[in-house]
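A, B, C and D are the chain letters, set down in written order, and residue numbers restart from 1 in every chain.
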Amino acid sequence: MEKNIMVSNGQNESTTQGWEPRIIAFFCNWCTYTAADLAGVSRLRYAPNARIIRVMCSGRIDPQFILDAFAKGADGVLVGGCHPGDCHYMEGNYKALRRMQLLKRMLKDMGIEAKRFRLEWISASEGERVKTVMNEMTESLRALGPLGLPKKFEEWDREIGILEEEVLGKEEAVHA
Amino acid sequence: MHGNGDNGSIRIGFYICHCGHNIGSVVDVHAVAEYVKTLHGVVLSQEYKYMCSDPGQELIQKDIQEQSLNRIIVASCSPLLHEHTFRSAVEKGGLNPYFFQMVNIRENVSWVHTDMQAATQKAKDLSRAAVQRVFHHKALETKHVKIHPDVLIVGGGIAGIHAALTLANAGKKVYLVEKDPTIGGHMAMFDKTFPTLDCAACILTPKMSQVKNHPNITLWTYSEVVKVEGYVGSYTIGVRRKPRYVNEALCVGCMDCIDKCIYKEGKTPDEFNAGLNKRKPIYIPFPQATPQLVVIDPKTCIEFKSGHCKKTCVDACDRKAIDFKQKEEIKEISVGTIILATGYQIFDAKRIPFYGYGKYPNVYTSLEVERLVNASGPTGGELILRDGQHPKTVGIIHCVGSRDKNTNRWCSRTCCMYSLKLAHLLKEHTDAEVYNFYIDIRAAGKSYEEFYDKLLDENVHFVRGRVAEVTDWAVRPSEEGKLIIRAEDTLIGVVRRVPVDMVVLAVGMEPQADAQDIRRLFNISCSTEGFFLERHPKLAPVDTFTDGIFIAGACQGPKDIPDSVAQAGAAAAQALTLIDTGEIELEPNTVFVVQEECSGCRTCLTMCPYNAISRDEVKQKAIINEALCKGCGTCVAACPSGALKQNLFEDEMIFSEIDGLLTMEQEACC
Amino acid sequence: MKYLYFPGCSLRSTGRAYEESLLAVLKALEIPIEELDDWNCCGATSYASIDETDAFALAARNLALAELQSPDETVNLIAPCSACFLVLMKTERYLEDYPDVSKKINTTLDKVGLHYHGRVDVRHPLDVFVNDYGLENIAKRVKHPLKGLKVASYYGCQVVRPFKTFDHSHYPVTMDRLVQALGGEPVDWPLKTRCCGGSLTGTIQEAGLRLNRLLLKEAEKRGADIMLTCCPLCQHNLECYQQRINRIYEEEIDLPIAFFTQLMGVALGLSEKELGMQRLFKKPSLSHITHPKGAVVNAW
Amino acid sequence: MPEKPKVALYWCASCGGCEESVVDLAEGILDVVAAVDIVLWPVAMDFKKKDVEAMADDSILVSLINGAVRTSEQEEMAKLLRKKSKLVIAYGSCAHLGGIPGLANQFQREEILKYVYEDSPSTVNPGNVRPELKVGTNGATVTLPSFFHTVRALNQVIDVDYYIPGCPPTPQLLKQALETLLSGTLPEHGAVLAPDIALCDECPKKETKPSDLKFAEFKRPHWTQIDPDVCLLAQGIICMGPATRSGCGGQCISGNMPCTGCFGPTSHAKDQGAKILSALASQIEAKDEKEIDKTLTTIPDPVGTFYRYALPTSLLRKKVF
């Protein structure tokens, strides 16, 4: 029982079988999403693990989206915007940068590995970059293993309503 | 209108496109369609060969009416390509176009993945996300903005000139801004043009003076755009007019002042003659310069450097046109559309040291040779080399700074043809032996190949091989004092050493040095190699990703004169379309405030670069000026209490996408 | 940061003067180096032509050792001999660019308890002197400017090709700039990177000699007083076969061939002994430089 | 006379402040007592679990439960009261959002036990003894509740009908709540019984906030002389007001202290911390990454600051180990 309740680091065998990282990518319409299209037009091949959500500007990306993605089961989140100084809306990417810098610190404090969240500036012409980033991130997540928050939530909640006996048994174990 | 069926039911129609084999060969389209059928709210889910085709679109319209669908999803290519197409189809079907959602399973899936299972899974996920998203879609009004009828054209080369005249003749007011003292661009420097061999000046100068005299064209040379504000339909442009130190209104271009300059000889390399001769500090770029105005170059003028010049020029001018006090001025204009025709720069041959440019005097760039053979050039058209000789043998090296990983990878498209032209002219001027060293001869153009044949008949030599080096290292007596071109003749498979008197480097075309700054200023994109990026390589070659800004000529990529002119016409036509429509549709993706949810905390006020958000000081709440809002949504993400919403990108829509993408059956991960 | 030093076999045999002068100069410039422990043959060009993978493994061992020996994030490994420089760098790049190769090589290395992680940066002394230490700093320490000395810099085929490294692959200038900084006069000659015949002088001698002759004659024709090399084999070929070339082709070539580090040393005021000058067959006459007053002592 | 509606008050993982707030009704409490029958209130009255067990299901009109759920006992009582009550109200930040105890979700259970029973400076426990869950003394077995790995808000354990936010809730809110309930016109299930708009709306310093606020650094209240008449954010002090539900009357602000967010987010935000993070970070002055980080170092504990009351009900709920 203890094992199940103790939160695993996500590496436990049951989850890693045939497991593939799941990435949610938020791309800005003008640079990074266009770059992804370019990657397509250029028939660059990259890992199929990311799912792109298009927003008009990286400035639209609300930290809630990123946390929600993790909470719903993403193993990694990728945010793509125009290079600093190149924002289609002048400053949106700077606002994004500021938020993401703070968010990174918070994620760290919440025990989510730095490699699971990535902010990338990719201009409309950098299709190659999209490919590289997608592959790199997929690889580093594969190395990290699943984050699997939904699974963890279940595990955490399993302790609700377990029978007193089990708790006692466990408690003794702790002391022995 | 919520646009939902009776009792508010959501009725989704889902269409997935094979796009021929583009999607069908990688994504199991049928499986996806079947899967989507099982999703909540989906009334109809079907596959089709080409959704963007008329039958495809009619399909949607039919189903909307017959099955009273109120949400439409098409899984096909990128929304950047066909979103508009399908939205209008939906509208024709009698449904508000914004109940439509597009799923990109081509650029984002089938074109970038090979594993069918993974690709199909990804397509399913993206589709599921869209299905969940459309539940939150709302009916929206398309916004329209008026188009200011005036046009700004940046760059006075042949492309800019042609675009300006086309628009002006159509009765539109045009501002033509050129950074140099005269218009004409590179074409004005050329001697003859391929393949027709008519002289560049003869066909260009008339157009130049037309520009000068056209009532609808305001020509600002020696000027630069320094500010671009606003958006399609109403741009505010700031133009810096650099001081010529010569009063434009008074100067008639008689050039007396130039003769009287205390400099008897020129001291500065003459830009127009590619630096082959020297000009004075006070000069006119070239005889047919337009406008016919004198310029003073403060960098070299004694008066500006020391302040103790006799100012003989001032006395020479009976119209008192010379004005050392002249200051730069900033003009502000309003236009609705912009055409960028900023051209190109030639490849710097010094970057390939082993071709000896700048080291051996008799190595020239093609542009220098244009001036050298030109009647109005530094030598009056006589072919005298830097060391005073008349060349008996000339070698032309193709693809200098083109098709080369070490410099530029692209083909500059014009070099083959102008090299042939130069070969012809050189023979004409000197009857020297002319050798062309080429990788391939690219004579793809109307009567280009024929021109190539003609040159073959003129006994110009063609050596197929990339030149290894140009050297003065003589190994045979016959090579002493000559330049030796070493290249493998790949047709006979031997390395040849060809001694010549003159080497011509057919330099390639590059993006302007300031292309990146221009790009930022006008808020458009550049492609990898640095040329301006068109909206679509085939379907929107002169549009950019910024509405109302078009590109023409070599700033978009290497081009010869005919192509540049054609593109300039196209750009002008695009601008005309906007102007004559009078208004343009804008994405209604603007932001709105839910008044009763806004606490008036002012966070959003600091977010908007367009000052679209202000504060109602009575109600103490934020208000959005829709006209100014560009729809980036930065303020929405910043609103700490969720009181701001962005049309088409409301939080619920994005959360439901995230949810749709991730709430997958665990086992079927990617 | 300190540099690791990979001598290679030549610098302990035919190229001893190179090692002696290199170490002397590094010492004079106070550039800290440390010899790579337990280094082995780089495999040169010959091994790769027999079995490339084995050759990679052989060279990779040195790279792995370098990582063991240095804590630096990027390990700067100096390889003075052109062949070593090229082979080590080539190996490093292959391991970087081709995962399958590096996997194979590393499984081999693992057997002897080694592993290469890709931290090594193979450097040429020219690169280190000019780009790390800096020409200004070198110029500052020059005691005897090589006034009026016309120098033909010869790079040979391996240091700048096939990989783009610290200089232009067709027209390198690093050594010329160095010579300038030392107060000498670089002669412009177009044969800087042309083949010296390599091992041909030992195998198909006629071909080898012909190639050397071209280089030597052109250098003399361009008025060079001395030719500098950065490769033991080039130096050997160009110096040792001059008499034979003169005999066979009826030439009168008489051109001293030195290692660039030797001339550096002279300018920095080091003694001929320290610079291994005595090992040269043709001693350049530099007394006017080392003893500008024209003092009696004949430097050599 | 007709039977008065029954009311139960219970406390789980909480500080007792919520109980105080009930007493803060002052003489108003009398009207309450007059209007209702309090059937359980451990802090004030001597009723036992068995008394509640004895009652018929749904026989209690409303149970006001404060405190988060951290032990098996709290879980048990919450479930019991749910069974016996028509309505359950999560009373106060801890029951509503997890509250201050919820910050413990940044640590592992064992870390906490070890600290409390072994490492804390105030601990004198030579044998490192820990409480036994089950002790047998002459035949009888005494048991203690077990300590969960995770702190939970009430609605993560049982179904909750309404929420009264606040640390503690204001007497006014309680009064209004009771009045509405007794009036019989019930708000929709799951409603938070406070205005659904951020605190700035009722903030006394609202109009002193500039429209072009930029942060070069963030100050902590004790670092600076706070100007009582100016918006705290304008003074560089982190105030959760913009991301926090109003209804408290801006007590802290009036007391010249920043809002720490005890009323939780409005219904339009999913995650209070993420929202204030976004709002504040967006207004940082610096543009370059290093500079931005420099400004950010002046927020020593983002999680503790932005999720002081709402960690267990935030999107991530708990630190991942």
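Odds and ends about this structure:
The definition used in the following text is that a contact is a pair of C-beta atoms (placed from the backbone, for glycine too) under 8 Å apart; a residue touches a chain by one contact, two chains touch by 3 or more.
Please read these numbers as outputs of a predicted model, since none were measured by experiment.
Interface comparison, A-D versus B-D: the higher count of C-beta contacts falls to A-D.
Between subunit A and subunit D, the centres computed from C-alpha atoms are 29 Å apart.
Between the Cα centres of subunit B and subunit D there is a gap of 58 Å. Centre-to-centre, using mean CA coordinates, subunit A is 37 Å away from subunit B.
Mean C-alpha positions place subunit A and subunit C at a centre distance of 50 Å. For subunit A, residues touching at least two other chains, in rising order: 62-64, 68, 95, 99. For subunit B, residues touching at least two other chains, in rising order: 607, 634, 637-638, 651, 655. In subunit D, 269-270, 275, 278, 282 are the positions where the chain touches two or more neighbouring chains simultaneously. Every pair of chains in contact is given here: A-B, A-D, B-C, B-D.
Here subunit B touches subunit A in the complex through residues 78-81, 104, 106-109, 111-115, 118-119, 121-122, 125-126, 129, 520, 523, 525-528, 533, 537, 545-546, 589, 607, 609, 630-634, 636-638, 646, 649, 651, 654-655, 657-659, 661-663, 669-670, going by the rule given at the top.
For subunit C in complex with subunit B, the residues that touch the partner chain are 164, 168-171, 188-191, 214, 218. On the side of subunit A, the complex with subunit B involves touching residues 18-22, 24, 29-31, 33-34, 36-37, 39-41, 43-46, 48-49, 51-57, 59-65, 68-69, 72-74, 85-86, 88-92, 95, 99, 123-126, 131.
Residues of subunit B touching subunit C in their complex: 353-354, 359, 406, 469, 471-473, 475.
If you check the complex, the residues on subunit D that touch subunit B are 196-201, 206-207, 209-214, 241-243, 246, 265-266, 268-270, 275-276, 278-279, 282-283.
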